[in-house]
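You will see chain A twice below: alongside chain B first, and alongside chain C after that.
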Partner chain A sequence: MTKNPTEFSLTLDGKTVNFTPGETLYEVAQRHQKDIPTLCYDPRLESFGGCRLCVVRLEGAKNPVASCTTRAEAGMVVHTSTPDIETHRKTLLEMVLSENRELEVSPLRGYASQELTELSERYQARTGRFEGKQSGESRIDDTNPFILRDYDLCISCYRCVRVCAEEEGDYAISVMNRGFETQITTEFGGLLKDSDCTFCGQCVQTCPTGALADKKAMRYSETPGEIIKTRSICTYCGVGCSVDIMTKGEQIVGLQPAMDGPANEGALCIKGQFAYDFVQHEDRLTTPLVRGDDGELHEATWEEALDKAADGFKRVMRIHGRHAVYGVASGRTPIEGDYMMQRFIRAGFGTNYIDNCSRA
Partner chain B sequence: MSNPLKDMEKPDVIFCIGTNMTEAHPVAATRIKKALRNGAKLITADPRRIRLAKMADIYLPLRVGSDTALLLGMAHVIAREGLIDKAFMDARTTGGEAFLEHVKQFTPQWAESICGVPAEKIEQAAVLYGKAEKGAIFYTLGITEHICGVDNVQSLCNLVLMTGNVGREGTGINPMRGQNNIQGAGDSGAIPNNYVGFQPVEDPANQAKFAEAYGRTVDLERGITKVTALDLAGDKIQAMLIDGENTVVTDPDRKHCEKALRALEHLVVIDIFRNETTEFADVVLPATSWGETEGHFTNTERRIQRIRAAVPPAGQSKPDWWIINEIARRIGFQGFDFESARDVFNELCELSATYKGINWDIAEKGQHQWPIPYEGHPGTPRLHEEGFKNGRGVFKIINYRDPAEVVSEAFPIWLTTGRRLESYHSRTQTGRAHGIDYLLPEEVLEVHPDDVASWGLTDGGTARMSSSRGHVDIKVQANPRSPRGTVFASFCFNDTPVNILTGGGYDPVTHTAELKVCPVAVTPVSGSS
Partner chain C sequence: MSMTDAQILERYAREPAPLLPVLHAFHDRDGYLSEEALRVVADGLRIPIADLFGTVTFYHHFSRKPGGLHGKRVCTGPVCCRKGARELARSLGAETMPCSGRCDDPIPVLEGHTTLIGNTVSDLVHKPSPLPAPNPGGYQECVFAGIREEGRAGLAGYRKGGGYRALEKALAENDPEGLIRTVTESKLAGRGGAGFPTGRKWQAVRDAPGEPKTIICNADEGEPGCFKDRAIMDYDPHALIEGMALAAFATGATRGFIYLRYEYPETNDILAAAIGEAEAAGYLGDHFKLYLRRGAGAYICGEEGSLINSLEGKHPFPRNRPPFPVTHGFEDKPTVVNNVETLVSVPPILRHGAAWYRDLGLGEHAGTKIISLSGDVARPGNYEAPFGLPLHTLLHDWAGGPAVEGGTIQAVTMAGLSGGFLAGDDLNVTLDEPCIRARGSFLGAGGIMVFDSSRDMMAIAAEAMHFFAEESCGKCFPCRIGTQRLTERLTGAAGPRDKTAWLDEVADLGSTMKAVSACGLGIAAPLITESLVRYFPERIEQHCAS
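Our next item is the complex of A and B:
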């Protein structure tokens, strides 16, 4: 049954557009490349309607409405950007900014950490216009190595609390008090490690101000160079979460979840989020090693080492036959390594003497 | 997994068995939590009161190694209560009648006598799963790391087949793969019985196909497993090439394993760190690490995804494929002229039945889940929608068997091993990540608080844990996650090498070691507190 198209259409900035029932005005506008500012919005979370930055003018309504919580209805006439609305947004932003100390927020703090900064630049919103009282007190006593709790920058958007509840199902943090007294806290107000927190870092990545920040990445705040992101896949478990590896020059400075990763859709766990610095660890093997006559392993050139490796297999094959050689592939290396290992055994020795470590 | 990860939010009944998903696969577990918020019901079977047990509507605390008994009892109830999907069984399975007859003898009371789960709980769980519109099963190594691992998996298949919970959204039988690319390792043919893409080596047609591709005829007989190869080390097996695996620490029965490696005439190890295994090698070759390497991982839902290099290789390290190609060339093998990961991947896809429809460029965005039988095919997020690959789903007659070793007077306690959230396998990687020690500085033995008291242990003190193969000293943690009479430890820490103790037996079919069950004795170490 096809519906009459007008049944699911509305007017957006003078143009008739269609929508799917259940869509919010914000989502409809997004699809039509309208740049509506938001602060408490994260597409993965239930709409919250806290910051009101996303307000739009809806004809027939007395006041502007929050587009992230208002469901589209047939026949609505919506204006996403009018002089009134823009002034309103700017005022709201200045109120929000007045809560924060002035500070350059490093993008290493988290995936969404630039949102407030970018908006204040876009609206040229000044700080300190309102008599600034501050909500949130930083928890410098929480010395966990992963998550900085710099609540001086908190604007009470509750994204952290909501991501922890809605996406993670952990409910490790909650909101205490209201207004300028608002404080994001754990149960009993303690350290994260004594709460249900699993250090997945999701609160860090959704925070729009950098109040919650990636402490490990911030170690490289002063490192010169532009941050480059390289898309890859987490190297730990079989879920296969997509990540962006952040580098400055030749240094890995941190990791962020890929919001469009098919397996994880923005989620990560502590291993994927924080356990990457083995890559550039000083213990890495950097040269081939060959066992000498003294029984110890010694550094060698690739030439020497590869020849010695090949000679050993040749010798064993000659003396004991081709079934005396066995290959063990890895469930950790890329599939190209596994394929070559089985090819080495099959195309080389003509046997099926090959396995991987899935049995361990 | 038969079904995609996305489907995890869709079932109305979820049955988790032998999986500590919130710790081993945390991001997958978030999807289960969402399903529960949407009203799904959860059944968790696990010896330990893990997080999934606390979240469960029905928790089945079974004795370690008794899974088949529990599952036979459940099948009995489903059959007795008429909750089978007759139409599905008729249309798509065989052996159903014999199976239904077989399970008549396994009452929940019988199951209780073996697995310790109260009969009425078994009834409830069976009825809940049996009635589900969309029932999905998830399992991990808690099912497979037993001498009866294959029986366990087949028992789960039987439940799926009798209720028709497969081939649809939000259903299926879903093993969660532990390692990032363990699925890919099997797919690539790095197994003794199949060429790339699960083409059996015993099929002469495949032999001919690969003789042509590789320029050399490969044996028609399947090879031996790694477990057997280690048993034969120093005898029939004299040389090994091991890539990226800390065999000594992660394999069971460590002493046996060390002896095997020592007995080899020639051992070459490729890895990114020196570790316990490289210490036995004649040649150690440094590989590039994740973050420095181009290639692909295949995840638990059969999705092939690109990994990319973000930084230059450490020192002189080289990609695994390059190293192996070089060794082959120097031995004088023909056809090892690969110049890039792309070359290798493209050959893999071309020769694989399951990756046939992709290549390096098509795989770029990670949109494909195998099988992808031809170019232009969108991939297969959900298996068995149309039918089973080999015709009909076959019911298997399963009987309960005791673990290889059972508790005795000398070793009266069950040890079960597993993973921890913060730590990964032998910790060569997580152990070197800044900050991880803050949460998990050392291994502990989780002992029920009442057992701590009655065995004369102290919380935080040291205990000596021994099996017939050896002993380790380990810090005691009073923890109600462990049931009475069962203790838990992971094998993540080399200074507490728990796998010295394990290794009592192997599954006769897969040679997976029985890491989940090991009878031990636990005694206090005097002078500790």
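Our next item is the complex of A and C:
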């Protein structure tokens, strides 16, 4: 059934536009390339309405309304950028800057870490205005190897808490106290490792100030070179999360989830997020090794190594039969490698004893 | 014998809104909330432990230190501070608490579940809250009409004065739509601050799809300088129950809550007894089950969305609106949230008719408003004033004028603290919203604090803003940061010394807070600075110079 288009249309900055019932004003405006500023917004999460930067003028309403929490209604007349609104946005940013200790933070801290910096540049928000007490206390005592909890930079947008609950389902962190004394915490104020945290890194990647930061990536803050992002797929399990591998020159410096990854939409687990060191690890084998008659491993050519392996398999088959062979493919093999592996075991040895270490 | 963990959970887990009573039961039993207790509660009610921990820290009165429950807490509201509350707290070695709703008495001190009253350590005594004096203007009353009758708090006493007659009549006539029409025609509007027409609210809940529907009485009364709901509940609890039962009948609601502020422990007992009597008499029961819930010290929990979140056991941030509680309230079902005074006005309206109630107001104004009057007046207390009464009449004729012989009234607050100050010529207002709103303030819940010319308005403004900063929930940026920055500028702890820059920052903070804050707290708080700047510019000059 087609609806009369005027039934679902509103006026956006003077133009009549259509909307789908249920859409928020922010979403409608996004579709029409309106660049409404936000800090507490993450499209994956329920709208929260905290930062108030997204306010728009709605004709007939006494005060500006938060576009992220206001659903579109037929006949609304909306202005996304009036001089008044822009003044409030700038004042809000200057208020935020007054509690935040650092504006320049390394992009290695996390995916969204530049949001506040970029907005304050866009609005030319002045630092030093509204000076006063600082909010948030960093947890330098939390020495876990993955996540820096630098709450001196926290602006209480609660994206971390909400992503942990809504996307990750872990409910490891929450909001303690109230008002200006608000602090992000775990149960009883403890360390992340003693909480329900799985170190998925979701909170790090949604934090708009870098208050939560990727400690592993930050090891390379001082490494010279531009950060290049290369889209890839996580090599661990069968989900196939999209990732952006960050490099400086030849060095992998970190990894960020792809927000537009079809399988993960920005999510990763601890392995995908943090366990990439093996790629450039010094213990990694670079040539085949073959055990000699002396019992020691010796560098060898692929020819020698493969011959040695084939001999071994054949001997086992001869003595114990074909079902004595059991193939386990690595979780890190690509799908083509997995296919080859099972052909090798099934057709090559004639057994169905084939498995994969990550059957997720 | 005290209850075991399992018994506590067993007692409440099947009731709606179990978290607050369960936490109170542990708090009362152990004298504080231990980590073990919170883990048991989290398990029993299936709340993530980090969430529960965070939420418990939100409330002022839940103590996490052994013995904390029994520590003394001294009211340091604006009126009590002028009586020496800070000195009293120091001599007692006690904690402080925001205005605890007893401004018509000497300083209240909460000790466990007992309210002590006194000015010094040696004269602290437990005594009942003051009964409203007979109407000094001789006006006919609605809410207080029967409150001074002997034995009124008991069922028999209440019935003797015509109590429950309106409910019985409503049930016999069985015309809920007609009942709502009468309430609408009476022009009764919310007495909790926002002034929404009560009949329209009830009709909206009646019309909204979804069941069960809920009636919530907002008895959180956290606004400094407001103590009217306490007087009503202490002396006329059955009137509230009858009002709620009528609301339930009108809307089809089958369950109700009274959300009572923590600082009224005696009121809690009075309400519990009255609910028991009303249940035994059949006014309450399976058709309308009424639950009493105590808050735990958070002004913002008087905001209806925050209140509902608090009942549901969630972090008590206000909710985004729309949707409103009338369609998506408690457990996302249609819900009436009404103030105590609003609900208590309904039985007399139904007994005497809509026209009777409307005519109680002066001029074109309909009905009455309880004013909690405190501070530097001779006779502080609760007064039921007809809308439209001149403020001057209330202050001077009814309350006896300045407390000190020869004193002059310098300023008053409106809506407790939320309406900021009125001073100078604006003390000529009449007590009704159109007149007071025209002065950039509002009457709201009707708390008026009076300050004579010996008082330093800068200090009072700083205390007021400090209150808002401490009570800001922290959900939205303009209020969380703005209340803090305005406090610092008023105390002088931070901010520009140059007057022009000072005024500029204060005005910018205020205007953004007023325009874009997520709830009424952040919107109202800058009225303090706005009115200070308007009425006391020379005091600001001094402040910046010092």
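By our rule, the second predicted complex is superposed on the first by the 287 of 360 C-alpha atoms of A that agree within 3 Å, B and C clash if a C-alpha of one lies under 4 Å from a C-alpha of the other, contacts with A are read in each partner's own complex, and residues count from 1 in each chain.
Keep in mind that, in the parts below, a residue touches a chain if its C-beta (ideal position, glycine included) is under 8 Å from a C-beta of that chain, and two chains touch if they have at least 3 such contacts.
Model, not experiment: these values are computed from the prediction.
K.L.:
Counting only touches as set out at the top, which of chain B and chain C does A:G49 meet: first, second, both, neither?
P.N.:
Only chain C; A:G49 stays clear of chain B.
K.L.:
For A:T198, using the defined touch cut-off, is the partner it touches chain B, chain C, both, or neither? Pick first, second, both or neither.
P.N.:
first
K.L.:
When both complexes are superposed, which of chain B and chain C contacts more residues belonging to chain A?
P.N.:
Touching more of chain A: B.
K.L.:
In the superposed arrangement, does A:M95 touch chain B (first), chain C (second), both or neither?
P.N.:
A:M95: touches chain C, not chain B.
K.L.:
Per the contact definition in the header, classify A:C237: touching chain B only (first), chain C only (second), both, or neither.
P.N.:
So A:C237 only meets chain B here.
K.L.:
For A:A275, decide between first (touching chain B), second (touching chain C), both and neither.
P.N.:
Only chain B is touched by A:A275; chain C is not.
K.L.:
By the touch definition at the top of the document, which applies to A:D13: first (chain B), second (chain C), both, or neither?
P.N.:
After superposition on chain A, A:D13 lies in contact with neither partner.
K.L.:
Need the overlap of the two footprints on chain A, from chain B and from chain C, as residue ranges.
P.N.:
none
K.L.:
Write out the stretch or stretches of chain A touching chain C in their complex.
P.N.:
So the residues of chain A touching chain C come out as 39, 47-53, 55, 63-64, 66, 69-71, 84, 87-88, 91-92, 95-96, 98-99, 129-133, 135, 155-156, 165, 171-182, 185-189, 195-196.
K.L.:
Under the stated contact criterion, what part of chain C meets chain A in this complex?
P.N.:
35, 48-51, 53-55, 57-58, 298, 300, 315, 320, 322, 469-478, 480-485, 488, 493-495, 505, 508-509, 511-512, 514-518, 523
K.L.:
Name, in rising order, each residue of chain A that touches chain B in their complex.
P.N.:
Against chain B, chain A makes touches at 144-146, 167-169, 193, 198-200, 216, 228, 230-242, 245, 247, 250-252, 262-264, 267-272, 274-281, 283-291, 297, 302, 305-310, 312-317, 319-320, 323-348, 350-360.
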